[in-house]
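One chain, subunit A, links the two complexes that follow: it is found with subunit B in the first and with subunit C in the second.
And now, the complex of A and B:
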């Protein structure tokens, strides 16, 4: 029974992962990612880590991928991209090397490792079994690891505040004339292609740039 | 036979073993009971959706001084069935510019979570004892499943339901559905936070995530609605209504602005699936509210013979009260404006439920440490009031600056 569930969810995980790589449409790729996350959640349940399974679905499928989809939809990049061009030079060969070495590392651990790392229900049994899983996890997080938890919370707060600061419209004395803003907004679109006069004229005005950012955010 | 013996070996697995039915050996009879429970829950939900749609139309008609559906069956009670048959035989249109695979997938992503949530709702059982009923000589919970993460399962599924709405709008390849789905997903994600925080206070008072345990801590009228101090219940109701995209939060399908919202391009059976999911969600949300705050099926058992009927009756009465309330809201309140909706969610409900959660947590600590409760509550409420004043001050200042900024810009433009 365990083996059957494992095989089915492993197939779900792997086909999802392959789909993320193969899909040409970003929305389809995001959906395949959700499929993978679901498969992993089932694997968590199989390991008696029910709380992790629930959080996996709530946080990753319910929030993170939804935000991906939001960005994809709002930016309108939901058409198939031309994959012939590498966005960053040398990216693919580096990715291939890193991927191959990760696979090698994984296989080494699997084949050479003293205790096979699979089927580690023991990891959760140490926490007192699934019935108590959530309680024990909470106790561990808020007693032994409370510093790390607080630090993570602080990090997230800093990230949120930082995002707001970066996206916020600059006002007051720094505010440029609206006419300039419009010129830079239209100019920056074709600035990369032609380097038009407006763009060069306003390009060194930090306030105007910040204003652009604000509207985009 | 080998499958059955492996199942029996899993009997002590904690994932399954909360329900006494699944403790020890599992034979074919027990598998049969589980299948029976699944089928009953499925059929019950479908029939109640049918009745709910009829009830809503009839009640809204009464409130509008109309007659409402009156032709099909006595009091028009078969109207939904007739509508379903009509939808079934309509032409199934798929827009030319749609993303076909996703377009076909989306209705199921709405419908399946709506069905699954009902699996964790205890709809009966004698909670003055251990909340079980005896069927065919086996003791069992009157719910399909009681996972140890219980209510988190509900939250996980409600976050999956967002996908149905979002992808339906996107895959239609048309702008009104896309606008509707962006609105819908923003709204559902925003209110999920407030919903989760309101539910978290229930975890504090009940000390468990499992729906069965949450009901078991609310016996003899010790309902969570009072134990958590009413506020989380109200937050849950508002956030739940928004999560359901019910009026007054139905901006998702605001006809005057968006034609039909995310399901504009859907017709025939696929539209019927969205419709079904929407009403099913109303019922499951009511059932979850009853389970979390109003003691679920617990209530006095008045007769010895057929004693198991009473909890089911209490549960139905409570759920029915919620359903009436939802219809009443729809008939009474005008729709929110979009910015009002976001303001209510982010600037009122989330801070309020977060503050209340901290207050309840402080009371629990005071209880455990033996401190007097009254000063803790007073200090906590004072802190919340201070926070509310600061927050509303900051919001008011930001608004004033924004308006001043707007005026200045307009002046230059003119």
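And now, the complex of A and C:
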């Protein structure tokens, strides 16, 4: 039974992954990713990690991929991309080398079996029944790590406040750059525009770069 | 359902975090609901919150002194002398920055609530860092502190340099956080716990056959923390960010962020990984010497006073690391004493810079300080005292602080490290001398000489500069109380 479930979900995972690579349309690629993530969730259930499976479906398949789709559709790239062009020169060959070495490392670890030194067992290391795992995680979160959970709430609040502050309209005129005025610095009234301005400002500012070099020397 | 035993909470020990976070969020809520908030309210609210934290620190200090250090929330928060001392430093800096911020915001015509909200939230993160007895809590505290500071750095929305500096700080800071997190994961993998007390217990009870994972973890932790405190070679963001950010915010970065970073570094390295001090102390020594030398030498080459002070803050980070690499109680006490003195020096100095910046926060060139002594003798005198303090001249607090860390390094037989650091201190003195020469010996520009009396000094800045100068002088003349305080603040590990 286990073997059958494993084989079926493995096929689902692998066809999904292949689909992400092959699909010409980015939206289809994102949907294939959902298929892969669901397959992985089934594998988690098979390992009695029910909580992880639920998180996998809710967070990855539910939230992350939806965000992907948002970005794809908002940016209007929901059409086939020309994959013949390399955006960064030499990117593909480097990616191939890095990917191959990662695969090599993984295989080494799996086949040779490096036995890394670890310490005592963690709070959620001992796996019991299916419910046990979820309960243990919940207990650990609300006893040992309750302060961390609360702090995460504060962290998210800070991030939201920060994003709102940065995304606000700028009142009044922008101050000119002291050395080189950036062409697009006049009309930046939202965060994304400001962000791109910065990129050009840092890149196009010969004085700042010269300054940096001077400091390095 | 089985009842779950929830951990015991010492509410009085959490008061600083609660005051700062609730204070910030309350101000945010009120400001978003009320259409026209009175102009003075956000500042007054921040000052009151900061003072409330300072007041709350007094009974905490007495409690810790009488009853001994302890942990709370299942061992994830340490309540000891270092927690209270660093909390008090952070709260004092918050008050000072709030006092500086309002005239600055009015001069630059910037909206006036976010600064205070983010400042208080950032300080809450700093307090969490200072009291973290758990790697996860430490990381969350650091992120709360950092994200608020990234936004604060970009807060001058109309100055492109502010945006540029914030962008650099954010990108590099995110990298550093990733390093730190990876280091924490490896340390957890090697020791089986994120609780600092349990990490120390495990390391003292067992001898690791292969400690490569632990050492890699420590190295990555060191990278992440060294970035936060701006130690060479992780200092590259400092000059641009100090130059671009609103000047009151720079005071917070220099005094507050550094204090929180060093508190965390001391707790993680010295107290928790103390058994492996022979592994991490030499690299920290190298970082210390590199920071002092590079900071001092490169500062000499600058012509912008904010960049000068940025590099001098790098040099100060080097001196603080000198105390850390001694890896004993004396070194730690010296670090805390240095932190207190540096908080005074940095807030005072950047208060002067806030005043000097003028419209647009742009007048920070060395030439803008020409003849300041003739135009604004009191301001120039105060700045002189603060610069002499930074240089470590005797009878100022800076001397006491530098002497402490150098003595700790020498006692630990780090003669080379201490010698090179003294060389760096001598080079750094030249930087401060350059500003002094410009203020006292050079004639003011023609336009400035035409009867203008220099920048107006608002009341808040007067208070901050005055208190900073008085503090620096007091510590320089009567160092005993601060040194006793710092010795009592050395963190102790309490098993949970």
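We adopt the following convention: the second predicted complex is superposed on the first by the 132 of 217 C-alpha atoms of A that agree within 3 Å, B and C clash if a C-alpha of one lies under 4 Å from a C-alpha of the other, contacts with A are read in each partner's own complex, and residues count from 1 in each chain.
Following the convention adopted for this analysis, a contact is a pair of C-beta atoms (placed from the backbone, for glycine too) under 8 Å apart; a residue touches a chain by one contact, two chains touch by 3 or more.
Remember, it's a predicted structure, so these values are computed and weren't measured experimentally.
When the two complexes are overlaid on their common chain A, residue A:147 makes contact with subunit C while staying clear of subunit B. Contacts of A:55 after superposition: subunit B is touched, whereas subunit C is not reached. Using the contact criterion defined above for the overlaid structures, shared-chain residue A:168 touches subunit C, although it does not reach subunit B. Using the contact criterion defined above for the overlaid structures, shared-chain residue A:159 touches subunit C, although it does not reach subunit B. Contacts of A:73 after superposition: subunit B is touched, whereas subunit C is not reached. Note on subunit A: of its two partners subunit C and subunit B, the one contacting more of its residues is C.
Once the two complexes are laid over each other on the shared chain, residue contacts for A:90 go to neither subunit B nor subunit C.
With both structures placed on the common chain, the touch criterion links A:27 to subunit B but leaves subunit C unconnected. Of the two partner chains placed around the shared chain by superposition, subunit B is the only one that A:45 touches, whereas subunit C remains out of contact.
Residues 171, 177-178 of subunit A are contacted both by subunit B in one complex and by subunit C in the other. Those residues of subunit B that touch subunit A in the shared complex are 3, 6-7, 9-10, 13-15, 17-18, 99, 101-102, 147-149, 152-153, 155-156, 159-160, 162-163, 166-167, 170, 178, 182, 185-186, 189, 192, 209, 401, 405, 409, 412-413. Residue ranges of subunit A in contact with subunit B, taken from their complex: 1, 25, 27-28, 31, 34, 45, 48, 50-51, 53-55, 57-58, 61-63, 66, 69-70, 73-74, 78, 129-131, 133-134, 169, 171, 177-179. Residues 116-122, 139, 142-148, 151-152, 154-155, 157-159, 161-162, 165-166, 168, 170-175, 177-178, 182, 185, 194-195, 197-199, 201-202, 208, 214-215 of subunit A touch subunit C in their complex.
Every residue of subunit C that touches subunit A in the complex is listed here, in rising order: 4-7, 21, 25, 28, 73-77, 109, 111, 114, 117-118, 121-122, 124-125, 128, 134, 136-137, 140-141, 143-144, 147-148, 150-151, 154-155, 157-161, 163-164, 167-168, 188-193, 198, 202, 206, 208-211, 213, 239-240, 298, 301, 360, 362.
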